[in-house]
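In the part that follows, the structures are each spelled out as structure tokens.
Common to both upcoming complexes is chain A, partnered first by chain B, then by chain C.
After this line comes the complex of A and B, so read on.
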């Protein structure tokens, strides 16, 4: 049952997932070539190199977000097209079907994560690091995997949400925007959207994993 | 008597304009039950309630002895369902759709499905999105028959299909029924189609059950009578008077449960029975609908 769901889901999402996986594989290799690569003899050059590698690393959370968004929505697309009728006629409890759907949609995340890990390991092995600089291939790949899973889970839940739930979320957003506009008119020091974004992206916010440094190499 | 489907006072309201009112259905095990009704009468809604896709606002539903929707997984294990509109994933090939479906139904008979694939002359490697409407209808039927279900719930399974495909699909259905004791609940507004295969009929109109009877009773028992000197007050009748309509010279009565000896009743009532018209199933169906729509 789950095997069939995974197989079908993979056949639906493989092209974009492979594309993301290739980019993630290439990113660590780009990092080691940034600014001509590390040069242990010049402290300034190493600093620039580390900085450039970290800038390239920021592409990883963006890709995690995009992949999570795509996979989360894709997990339900085919069921939604048929009005969920087929799923509702299958002889298994609905909650179990949701779990299977979640797992089937999450399995493709392993492909970009493994590609990133491979890219990180190759990049680490092919560069002679200056003293004091360390590589974190497994930590970076694991964090990218977890970030994608978090984003996937959020969009998976949104994609299956009832119309009422979507309306509540939309209503909340509209309220925030309205609050910000009113605060602006009254010259109050209140930035509702920024506060909400901070709340989401700082611990224990659900998107905290996306923030911060995404460095393969660090001191 | 064991019933494959039993509803009691089933009620459901969707918006302001549509309501199912106290629908009582009794589908015996092993029966081929035709669920008749004009478009918009509530057939598909009733079926969705039976399948647990909608929640009833009143009454009870039991399918194969299990309460719906509480025990749905147990029900769905033994139910083959063909919905009104195609619901299969169009990006799958026929063979993939069979494999996918089989994965969810433990008792799926792959050999029988293979046999049906040949019988229906379906291309296993073609995408469902590339199939004609008739071929898609056959795939639906193949999948549910392959389950070897105890109960088949078919919502207008032949709607829009050409006569040849329709015959193939219904023949496969009858073959399947002849192999075991499956119950079939088939909805349609194509009366002649049901006449050929069903042994029980239920008629739904505007969300109300207006008749439920054996097919032979439906075919033989509904008559149109032309009555001269009709009594103004009608007491107990041996038949069920569905409708009376005045004409310039006499009255037209539509009755149900008619038998030949009942002509004597008219002598006793002082009326003059001028003509008895046999109605075919379609006419009987139309008269039933007309009768149900006449204000009390």
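After this line comes the complex of A and C, so read on.
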């Protein structure tokens, strides 16, 4: 059954996934080409490579977020269309069905991750980095994969959540914004939104993986 | 009151009295007596001495509390003690590891190391007061600042270094800024240095044996910088326009000898730190004792390294030290992913939608 779910899920999401995969494959190569290509004098390009790696690196967690969002919602599209009746009629525990759905939706993540890895490896192989400057192709691709999985998990859970759960989340968000506004009016040194964002994006926050360094080349 | 505190206060009183007394005497006599005083105090070690020298070199006045980080808080308070230590010599032999020094805003010393209200070096904020490690780092920076102050007494080194270190800055900041500057690649030697060319690193740092102004500041670089200035809306005078239009002599006139090498202050400061760390404070003493009017030659004699070799070592050191946490996907990230996914999966499995 898992195989069938994976097959159906892949046929549903393959076009956008391949598009993201191509972008991720091309990013490191574009970085090299945009700076004169591997044949140009390394004297003038090392700094550019480092600079571009930092700039382009910012695009990777954004793409991971977008891919996770899309795949997380797409994982439940078929079930949502049928009002989840099909899932409930299956002769297997719902927990196992959810795990199957999760795995079926997560498998396509490997495609963009592998494409990013391939792009990074080709880009790394095509440049000659001086001592003290390093490339991190495997770490970068692995981190992108993990970040996409985290984003996917979040949206996978949100997509199956009830209206009540969504309202609770929205309520929390509105409360934070209100707290921020009130603190501003009372001239209090309290930044609720920033505090919440920091909590989420710093270890052990679930979104910590999206923050940090994403450069292919670094010192 | 703990024994340590009693001992601390006793020593503090002794130092206060000694400091006041010493301040009344002639400079030489004060130096000798201050040194004797330092030696007589068992708990005041070489680091304390260096810390005091650091304050002295900064020309700070006012009450100074020297707090030993090891053991219970023993405080040595010496009003104007910096003055007594000033003539003792260079602070370049500072080995500050265990001492926290606080210049307090009030006369009475504090028991705790760096409370929130503590004023470090006469300033509040930005010091992470309350974190003794941070203050200790500040003291180490102070010793380096003291070294830079001593270095500025030599005209050749002063022309090269230009200004002293700010003890508020983390020493690592210089290395990070240097890497940023190397990546920025303003001058050809900057870019080539990042690419691993050792002779260009020497040119970049201004420690080459045969300085050549046009090698340090090539005309094409000057022209490119002027173009950049113009593209950003900067006004160019006629000479600068001539330079941009291809007149090399105009470029040479525009960019005369600035007195400094292509390297920015952070890169030069990083060299000061590097030489101090790799070759010891004695290397700097040898640089200072040398009367040759060529910095590269001085470095060669002081460190036994040719300028290019020294610059290459400096480059590797800077890149290594400035290396921040690279992109990681290790145990922590995998654990976080599995944990987050597991929790969210469990939530999804228990969704109320299944019960609807």
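Keep in mind that, in the parts below, the second predicted complex is superposed on the first by the 204 of 219 C-alpha atoms of A that agree within 3 Å, B and C clash if a C-alpha of one lies under 4 Å from a C-alpha of the other, contacts with A are read in each partner's own complex, and residues count from 1 in each chain.
In the analysis below, a contact is a pair of C-beta atoms (placed from the backbone, for glycine too) under 8 Å apart; a residue touches a chain by one contact, two chains touch by 3 or more.
Everything numeric here is computed off the predicted structure, so don't read it as measured data.
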Subject >> Joint occupancy of chain A by chain B and chain C, clash or fit >> reply: fit
Original post:
Looking at the overlay, does A:142 come into contact with chain B only (first), chain C only (second), both, or neither?
Top reply: second
Original post:
Touching A:203, do we find chain B (first), chain C (second), both, or neither?
Top reply: second
Original post:
When the two structures are overlaid on chain A, which partner does A:88 contact: first (chain B), second (chain C), both, or neither?
Top reply: both
Subject >> Partner touching more residues of chain A, whether chain B or chain C >> reply: C
Original post:
In the superposed arrangement, which partner chain does A:28 touch: chain B (first), chain C (second), both, or neither?
Top reply: neither
Original post:
Who does A:119 touch here: chain B (first), chain C (second), both, or neither?
Top reply: neither
**OP:** Go through the superposed model and pick first if A:61 touches only chain B, second if only chain C, both, or neither.
**Re:** neither
Original post:
For the superposed model, what is the least distance in angstrom between any CA atom of chain B and any CA atom of chain C?
Top reply: 6
**OP:** Mind sorting out which residues of chain A both chain B and chain C touch, each in its own complex?
**Re:** 88
Original post:
If you look only at chain A, which of its residues touch chain B in the complex?
Top reply: 1, 3-4, 8, 11-12, 78, 82-83, 85-86, 88-93
**OP:** Sort out for me which residues of chain C touch chain A in the complex.
**Re:** 179, 182-185, 188, 190-192, 194-197, 315-316, 319-320, 322-329, 332-334, 336-337, 339-341, 344-345, 347-349, 351-354, 356
**OP:** Over in the complex, which chain A residues touch chain C? Could you list them?
**Re:** 42-44, 46-48, 50-51, 57, 84, 87-88, 94-95, 98-99, 102, 130-134, 136, 138-140, 142-143, 145-146, 149-150, 153-154, 156-157, 160-162, 164-165, 203-204, 206, 208-209, 212-216, 218-219
Original post:
Which residues, counting only chain B, touch chain A once they are in their complex?
Top reply: 51-53, 72-77, 79, 81, 83, 85-89, 91-92, 96, 99-100, 103-105
